[in-house]
Structures are given as structure tokens and as C-alpha cells.
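Take a look at the following structure, please.
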Amino acid sequence: MQQERPFDLLNKMIGQKILIRLKNGIDIRGQMVSFDIHMNIVMDNAEELDGSELKAKLGTILLRGGNILFISPV
Amino acid sequence: MQQERPFDLLNKMIGQKILIRLKNGIDIRGQMVSFDIHMNIVMDNAEELDGSELKAKLGTILLRGGNILFISPV
Amino acid sequence: MQQERPFDLLNKMIGQKILIRLKNGIDIRGQMVSFDIHMNIVMDNAEELDGSELKAKLGTILLRGGNILFISPV
Amino acid sequence: MQQERPFDLLNKMIGQKILIRLKNGIDIRGQMVSFDIHMNIVMDNAEELDGSELKAKLGTILLRGGNILFISPV
Amino acid sequence: MQQERPFDLLNKMIGQKILIRLKNGIDIRGQMVSFDIHMNIVMDNAEELDGSELKAKLGTILLRGGNILFISPV
Amino acid sequence: MQQERPFDLLNKMIGQKILIRLKNGIDIRGQMVSFDIHMNIVMDNAEELDGSELKAKLGTILLRGGNILFISPV
Amino acid sequence: MQQERPFDLLNKMIGQKILIRLKNGIDIRGQMVSFDIHMNIVMDNAEELDGSELKAKLGTILLRGGNILFISPV
């Protein structure tokens, strides 16, 4: 039996700090607020990273799921 | 329990100033008027930005949701 | 309550002069005749622009919605 | 009230000479025979153009709608 | 009334020699065996062409419809 | 009447050696084990080819159908 | 009769070490935790590889299925 299916993991990450790697190679780090069935993600205190360096502070963002390569708790 | 799901955040941004980062890297800033289920967005006083510099005044636009990377209140 | 949802704005633009920015960066200007649910657009007196310069007269065209970045009244 | 919605215009172009601009920038000119709901198009005497010059005679073709930027009567 | 809608033309090409231009610019020539609703195509004696020159003999292939630019009887 | 529709050909290739040309130009050769409605393919003893040369042994793989240009019995 | 259809193979890989080749050419190696119908995959101890060299430790990730070229047990 499977444990922690993909959307269960998303649910567990609410309120936690996450890192999202985008298809275009950019990393976004921040606190996960919510998601929907398309994997659209709301994040607070989002930061755009260039490797491990801070490139820009984005604040609260709604990110469209179609741009995501992977999501990871940090 | 989740708070402020993605489309709730969109709803809260109506009438507010927002910034939209497009998949092609361009930023559009303006006042959000409305949206639909495809995340198509109507904006007033929209401006195209090149980094933080104003590149062009676009006025009222209807932006197709499929082009969006993220949306952020400003 | 939302006012002027995306397809309401499209409806209001019928008969008006509009500018369509395509995903490939090209601008098409002309008079909007009609649209459908896929945002396919019929335009009269359509012109292809290179920046603000006229590049080609296209006449009546049926433009597929999937190519559109944004639509704006002019 | 809208007049001549996108698929009405397609219907009116049957039997007429049309020009199709593809997403890859190539122009195809020929006589429109028929279409379907995906905007797949059958053309007779189709010609591939490079700007206004004839590049290749294609004869009868069935063109997949997903490749189309716009269609225009000529 | 329309004659020979796109899938009627496909049907008429069964058993005939056809040329398929792919979205990536490559031409495949061969005898059409069958198709389905996604425009997936089975061909016999398929050949990959570079312009009008034979580049490779492919034999029987099942080509996914999403790769097709146009199909033409030859 | 059509013979050997696309998914019939897939069915006939089960247990046979096949070659899959991917959209990115890479060839994968191996023994076909199974497929599903999305044309996802399980292969045994899969090998990545660079032209006709062996580039890497991949073993058993599950290949997503959306990456496929064509499939051919070898 | 088919044996081990694509999603059966996915099911068998739960708890096993797998390698995922992405469409952009990057390899991700780790332990498969779970999957869903879109082939979204949860992995533990995920590592990004550059050829056979370790490029980055990613830990637990949720990878979107649309980015996958193939999945392989290792």
C-alpha cells in the first residue's frame, strides 16, 4: 500500500518552508500557504534564488503549477 | 485546514495593484480588475517592466492565464 | 464582486480597434469582429506591427487564441 | 450581437483562396476545401511561401490546426 | 456543404503513398495503413527524407499525431 | 476497411524488439513489454542509441508516451 | 495478454531505488515513495546527477509527471 501520495505530501507541507524548482531552472524558496488541484501554490515570504544566493524578494506569490519541476520541504 | 487557497488570493487582489511575472521573463504591473477560471486576468493601467524600469504603458489588458509564471500583490 | 470579467471585456471590444500581443512578440492591430470560447479572434483591417511601425497589412484574419499573450483596446 | 463568429468565417472561406500563417513563421496559400472542430484544414493547390516567393508546391494537404497562427482570405 | 472533411481525406489515403511533414521540419514518406482519432498514423515502407533525398529507411512505423504539421497524398 | 489500427500494431509488438524515436532525436531500442492508452511504454533491455552506436544501457524503463515521435518494430 | 502494464511497474517500484530521466536531460535518483495518476512522483533521498556524478542532494521531492522522459528501477 502506498504511503503519503503526492497530494498528501503537499498537504503536510502547508505552513512549512519549501523550495520549488521551476522548469526554467529558477529556484523559489518560501513558506507554503495553500495549493489547489492544478498544483497552483500560494507562498509567503517567497525569494528567488540564483543557486544558493538570494536574487530577489518576491513576498506573497501565487505560482501556477504548470511551471513546476519539483517541490521539496527545506 | 488550508487558508486562502490560490483562487481566494486572486479574489482578494481585485482592485489592488499586482505584479505578474510571465513565463518569458517579462513583468507586467497594474491594477487587477477581474479573473476567470483559466486565470485570464483583466488589468487596468498595466505597465510592462524591464527589471524595475518602465518599458511601455499598456493601459487596460486582458492577459491569457497560460502565460503566467506567478502573480504577486505589490 | 467582480466587474467586467475577461470575456465581458472581450464582448465590449467588439467593433472597436484592438491590439493583440502574440506569444512570439509580434503585435497585431485591427478592428475586432468576433471571438469564441477558445479566444479565437476575427479581426478586420489587421496590421502586423514591428514595434510601432507597420510591417504588413493582413486584412481580415482569424487568429487562434492559443497564440495570444494579451489583448488591449487602443 | 456578434456577427460572423470565428467558425462562421471558416465556413465562408470554403472554396476560396486562403493564406495560413503557421506558428513557425511559414505561410501556406491555397484553396480551402474543408475544416473540422480542431481547425484541421484541407487545402487544394497548396503552396509554401517564403515571404511572397513560392518555395514549394504541396498540392492537396491536410494541415493540423494546432500549427496555425492565423488564417486569412486572399 | 463541405466535401471531404479532414478525416474523410485521411480515410481516402489508406493504402496510398503519402508524405508527412513533421513539426521539426523532417519529411516522412510511405504507404498509409491506418489512423486513429488522435491522427496517430501507421505507415509501411516509411522513409525519412532530407529535402528530396532519402536519409533513412524506417520500415513500418506508428507515428504520433501530435508531431504532424501536414499530411499530403503523393 | 482499415487494417491494423495504431493500437493494434502496438499490441502486435508486445514481446518484440522495437525502436522508439523520441521528439528530442534520441533513439531507444529494446523489447516491448506493455503499453497503456497514453502510449506510455514499458521496455526491457532498453538501450539508448546515438545514430547506430550504443550510448547507454538503460535496462527496464517506463517511457512516457508524450515524448515519442514514432515507434517501429525492428 | 499484456503483463506488467506501465502503472503496474510503477506500483512495483514503490520502496525501490529508481532513476528518473527528465525531458531537460537531467537525471534524478532516489527511493520511490508514491505516485498518482498524472505520474507525479514522491521520492526520498533524491539526488540530482550530472552524468554519473552527484550534482546536488535534494532530499524528499514531489516531481511533476509532465517533466519525465522515463523512469527506471536501479
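Order as written gives the chain letters A, B, C, D, E, F and G; numbering starts at 1 within each chain.
As a convention for this text, contacts are C-beta pairs under 8 Å (C-beta built on N, C-alpha and C of every residue); 3 or more make two chains touch, one makes a residue touch a chain.
Everything numeric here is computed off the predicted structure, so don't read it as measured data.
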When every step has to jump to a touching chain, what is the lowest number of steps that links chain E to chain G?
2
Averaged-CA centre spacing for the pair chain D and chain B, given as whole angstrom
34
Distance from the mean Cα position of chain E to that of chain B, given in whole angstrom:
43
Between chain A and chain B, what's the gap in Å when you average each chain's C-alpha atoms?
19
Among all residues of chain A, those touching at least two other chains are 66
Ring of chains, enumerated from chain F in the sense that reaches chain G first:
F, G, A, B, C, D, E
Chain F residues within the chain E interface of the complex:
2-10, 23, 39, 65-66, 68-74
Chain A-facing residues of chain G, complex
14, 22, 24, 28, 33-36, 40-42, 46, 58-64, 66-67
